[in-house]
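You will see two complexes here that share chain A, one where it goes with chain B and one where it goes with chain C.
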Partner chain A sequence: MVVAGVVLVTVVLVSTAMGPADLSLGTVVGVLLSHVPLLHYHSSTSPINQAIVWEIRLPRVILACLVGSMLALGGASYQGVFRNPLADPYLLGVAAGAGLGATIAIVTPSTFSELLPLAAFAGGVVAVTLTYVVGSKAGRSSSGSSIVLAGVAVAAIFTAIQTNVQQQHAADLQPVYSWILGSLTVATWSDVTLILPYVTLSAVVLLAHRHLLDILRVGEEEARTLGVNPNRVRLTVVAAATLGTAAAVSVSGLIGFVGIIVPHLVRLTTNASYRVVMPVSLVSGASFLVLADLFARMVEAPGEVPLGVVTAFIGGPFFILVLRSRRSAQGVL
Partner chain B sequence: MAHDATPVPRDSTGRIELHDVGVTLDRTVALDQVNVHVAPGAWLGIIGANGAGKSTLLRAVARLVAYSGTVRIDGRDTRSMGRREFAQTVAYVSQDPQFPAQMRAIDYVALGRTPHHGYFGTESARDRDRSAELLRDIGLEHLSLRALDSLSGGELQRLVLARALAQEAPILLLDEATSALDLGRRVDVLELVDALRIDRRLTVISTLHDLTLAAQFAEQVLLLAGGRAVAEGPPSAVMTEETLNRYFEASVEILRSRDNNIVVVPRRREGMGNYD
Partner chain C sequence: MKLLRPGLIVLLLLTGVLAGPGGASASRVPHAHGPGFPVTIKAANGSVTIPSRPTSIVSLSATATEMLYAIGAGGQVRAVDKYSNYPPNAPMTNLNGFTPSPEAIAKYHPDLVVVSYDPASFNAQMKKLKIPVIYDPAAPTLTVAYHQYIGLGEATGHTAAAEAEVARLKTRIARIVKSTPHAAPGTTYYWELDPTYYSVTSATFMGQLMTLLGLKSIADAAGVNTNGGYPQLNSEFILKANPTYIFLADTKCCQASPATVAARPGWSALSAVAHHRILALNDDIASRWGPRIVILLQQVANFLKSHQG
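Presenting the complex of A and B:
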């Protein structure tokens, strides 16, 4: 945990310093200190560089932290609740719903670009609510498999509608695609403040359940004989993880694999207890996405590779390694 | 709530009374109007053929299946207890417990402390100490940091017991806790249960397939057949050749060992195996 924290701080500082305008680490620290209230520290850096750090780079890095930690924590939670090593934060249709919401916002004339995250968030929440209603009607399966199947069905329907809307507005294909591929290019402080409450709420609820996720690992009946209601734990965790994830993707677009890579890496290096996996995934997820985003904006500078492409490019091969490594997969169960 | 290091002695707690307990599973009657009383600190062995309702009876007492009738513990209807309160009163070991491969032995035992902390609570230092003590009691303290998938069947079985004991409940329900073990380990685990029962004044209800072991460990046996209680009492009274032959549809012979324990010997079907 301490190691993960130190890595995160380092990654944030380095990542803020790196970019087309080369800044020193000292400059970054100086600008950061000058924004600490009550410290009255004045950075000697030029106003331009101050603006680059504070208005351009830092919101982007902080947003990457929020999105990355939410996706990683959400992934660990879903894997624990469904006891499936391949479960990810998009399992219940969040991605498809957010995709539809974003597409509608993009193709509708005269919508403000600020509405895009809200539309994506609304779409994600609607899709997941639908999944719940269908899944809980379909059966009272204790393992939650009916809700996963409902998620697949809802995602298919939303994706179909989204594709249809997209085809009817072929002129807007480009912005729709760039949203779907995921990017933090235009991150601002307002994006940060938009998702911060949801991500915080979600993270607090999920971290509070980490001990209960360990109890679910020994089985449904054991949990009940230990005085825990497994259905209530599952419902609360899934609801919290979904809310946070929907908020995260609404500003970042669909960034895949973070929710699978990070928790599994954490399991490989710790004792796989959710009490450890959850907080360490939260911190490592932030580092991971900051690094991935740094890679996305540096590799073809001054152009950018979509962030979702970077995480998928790392995620694909990693996925194969996870499948080969029994240790990590077992850690979920 | 008491936070002493030693468990508070419980005088005459752990009395269980079942009144007309019935369970219907998939529209078939699995358990029919069972009445039985178990004194505090006693060991009740439930015996019977496959499908007689042994596990169902334990599961009803553990509140894992819906049942009719009432189960009272120290005079209180268990339906009136909250989840955590019930988990502090009754500990249950299932037929096939699940062992997360990479969970450490000490963490597994510590899960048994769950009813003693709040919904979001985590373990206190005291919970840690209790778990470590239990590992020592069952003789596994040297394996405390080992992952569960590196332990043997006998070690795991003892670990499940330790987890159940960590609940510090006066009542322990064991569903075939020893069926996966070899003869020696089986006796070891039952001896451990017996020692802990006497030491901690636990009331034990267990299902037992092995009738000879049931007769040696249980002070009181309940024979179930087709979901009904057909005989109850001390092993020597219930386990007669006539009764066992009838309800197990078998042909058994009851012998006495050198120390006068009941030994149940199954015999081959008539007309089979006579080659001379």
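Presenting the complex of A and C:
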């Protein structure tokens, strides 16, 4: 955890210091110091440079921290509650729901910037709620497999509707694709303050349940004998993870693989206890996405590469690596 | 967001096509199907033979629709797609040029179809229906746009009118450029295609128009051919580049305006914002390569003159 914390601090500092505007380290530090309360430090750099650091770069780095930590923590939580290593925060349809909400907002006149995050958030919450209601009624499987299957169905339905809406508004393909591929290009402090309460609440609830996820690992019957209600734990964790994930994707779009890569990387480097995996995933998720976003804005600077493309590009090979290492270690996934 | 922005759509759907044969030229064989018909023209989809003067044209390209009306072929147009909103009297339908349905098009019994997007197998299907298709993709240059005019003129029996329209455009563009003081060296602009900072480089159609007025796109720093000339720019780069002018081509789709630009975090520091050098454009006019390019060029020229004192 200490190592993960040190890595995060380092990554944040490096990412704040670097950018297409190519500002000197002294300029960046000066601007940051000028915003420290009670220090009364005045930066002599130009207003544009001050705006670049404080209004453009720093909120983007902070937002990457929030989104990355939420996606990684959400992924670890879903993997724990469904005891499925392939689970990610989008398992129950939050991505499909958010995608539909965002698409509707984009193709509807007069709503592009104002309602897009809210529409995406609402779409994600509605989709997962529907999944849970349908899955709970469809079966009483204690492993939650009926909920996962309901999630597949709901995601398919929402994706089909989203695709149809998108095809009917071909002129809006670009903004829809931009959102689906994920980006922090237009990150602002408003986005940070918008999702901070949700991410904080979600993280607190999920971290408070990490020891219960450890108990669930040994089996639900055993958990019941220890006084743990698996269904209640599952509902609470899913609700908290959904809330946080929906808030994250509402401002960042659909950034894939973070929820799978980071928890698995943490498991590979620490023990498998959720008491460790979840907090370390939270911190490491932030580091991962900040680094990925740094890559996204620097590799073709001053152009941008979609953030979701970067995470998938790293995530695909990494996923194969995880599969191979698990197979060789366990014989089967 | 409702309106067609071909530059962006091309970026997604037509990568690689821009470099293809965008112009059209014709060879005529005297025949009894009307003066000059049948005619074979060369379009981006190869040689297209139109057996007789078309009287039921379906246009699935907003720009082609404007061109057809500009050359006097409007009376032959039977149906246009849902993005062809100009001229207002064009027979707009619910046809979608980006997901063209041969069956839905066939309903209008067309004897010529014009498209700016040619999805896989569409052309082959239309051939089975024996309906000639002219594929005129987004023109990368004025020259290609002129060739498309001539091609449509040949294909519709309005060759002389098409040539006259091209001559008119050339004259007006030359006049606008001549009457506009050339911008000082180093004068730059940021052309906004959408609120996520997609822009145009000097290699694009619009970029070339701006070059005529002596302006240089800040997006050129990303590589003039990056993403087909339509790169997504980093916001801190835009601030650092501090463009002399900002042109908003996302006013209708995304409600961008000088006020919304000024309200963006950090953007008030830009000289273009401080000195009100932000021009709101009509998204449609700023994304098509048809007859209204002179309106766009004149609008920009007038704006430059007003700020050059």
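Points worth noting:
Keep in mind that, in the parts below, the second predicted complex is superposed on the first by the 307 of 333 C-alpha atoms of A that agree within 3 Å, B and C clash if a C-alpha of one lies under 4 Å from a C-alpha of the other, contacts with A are read in each partner's own complex, and residues count from 1 in each chain.
Everything that follows uses one rule, which is that a contact is a pair of C-beta atoms (placed from the backbone, for glycine too) under 8 Å apart; a residue touches a chain by one contact, two chains touch by 3 or more.
Worth saying up front: this structure is predicted, and the values here are computed from it rather than measured.
With the two structures aligned on chain A, chain B fits next to chain C without clashing.
Using C-alpha centres, the superposed arrangement gives chain A a vertex angle toward chain B and chain C of 150 degrees, stated as a multiple of 10. When both complexes are overlaid on chain A, the residue A:Pro197 reaches neither chain B nor chain C. Once the two complexes are laid over each other on the shared chain, residue contacts for A:Thr185 go to chain C alone; chain B is not touched.
In the overlay built on the shared chain, the residue A:His211 is in contact with chain B alone; chain C does not reach it.
Among chain B and chain C, the chain that touches a larger number of residues in chain A is C. With both structures placed on the common chain, the touch criterion links A:Glu222 to chain B but leaves chain C unconnected.
Of the two partner chains, chain B is the only one touched by A:Ala272; chain C is not. Once both structures are fitted on chain A, no C-alpha atom of chain B lies closer than 41 Å to one of chain C. Partner chain B is touched in their complex by these residues of chain A: 208-209, 211-212, 214-215, 217-219, 221-222, 224-229, 267, 271-273, 275, 327, 330-331, 333.
Looking at the complex, you find that chain B touches chain A at residues 62-64, 83-88, 90-92, 94, 97-104, 107-108, 111-112, 114-115, 119-122, 147, 149, 167.
On chain A, the positions that touch chain C within their shared complex are 19-22, 46-52, 54-57, 59, 106-107, 109-110, 112-113, 167-175, 177-178, 183, 185-186, 188-189, 297, 300-304. Looking at the complex, you find that chain C touches chain A at residues 1-5, 8-9, 11-13, 83, 96-99, 193-198, 219, 221-223, 226-227, 231-237, 239-242, 253-255, 260, 264-270.
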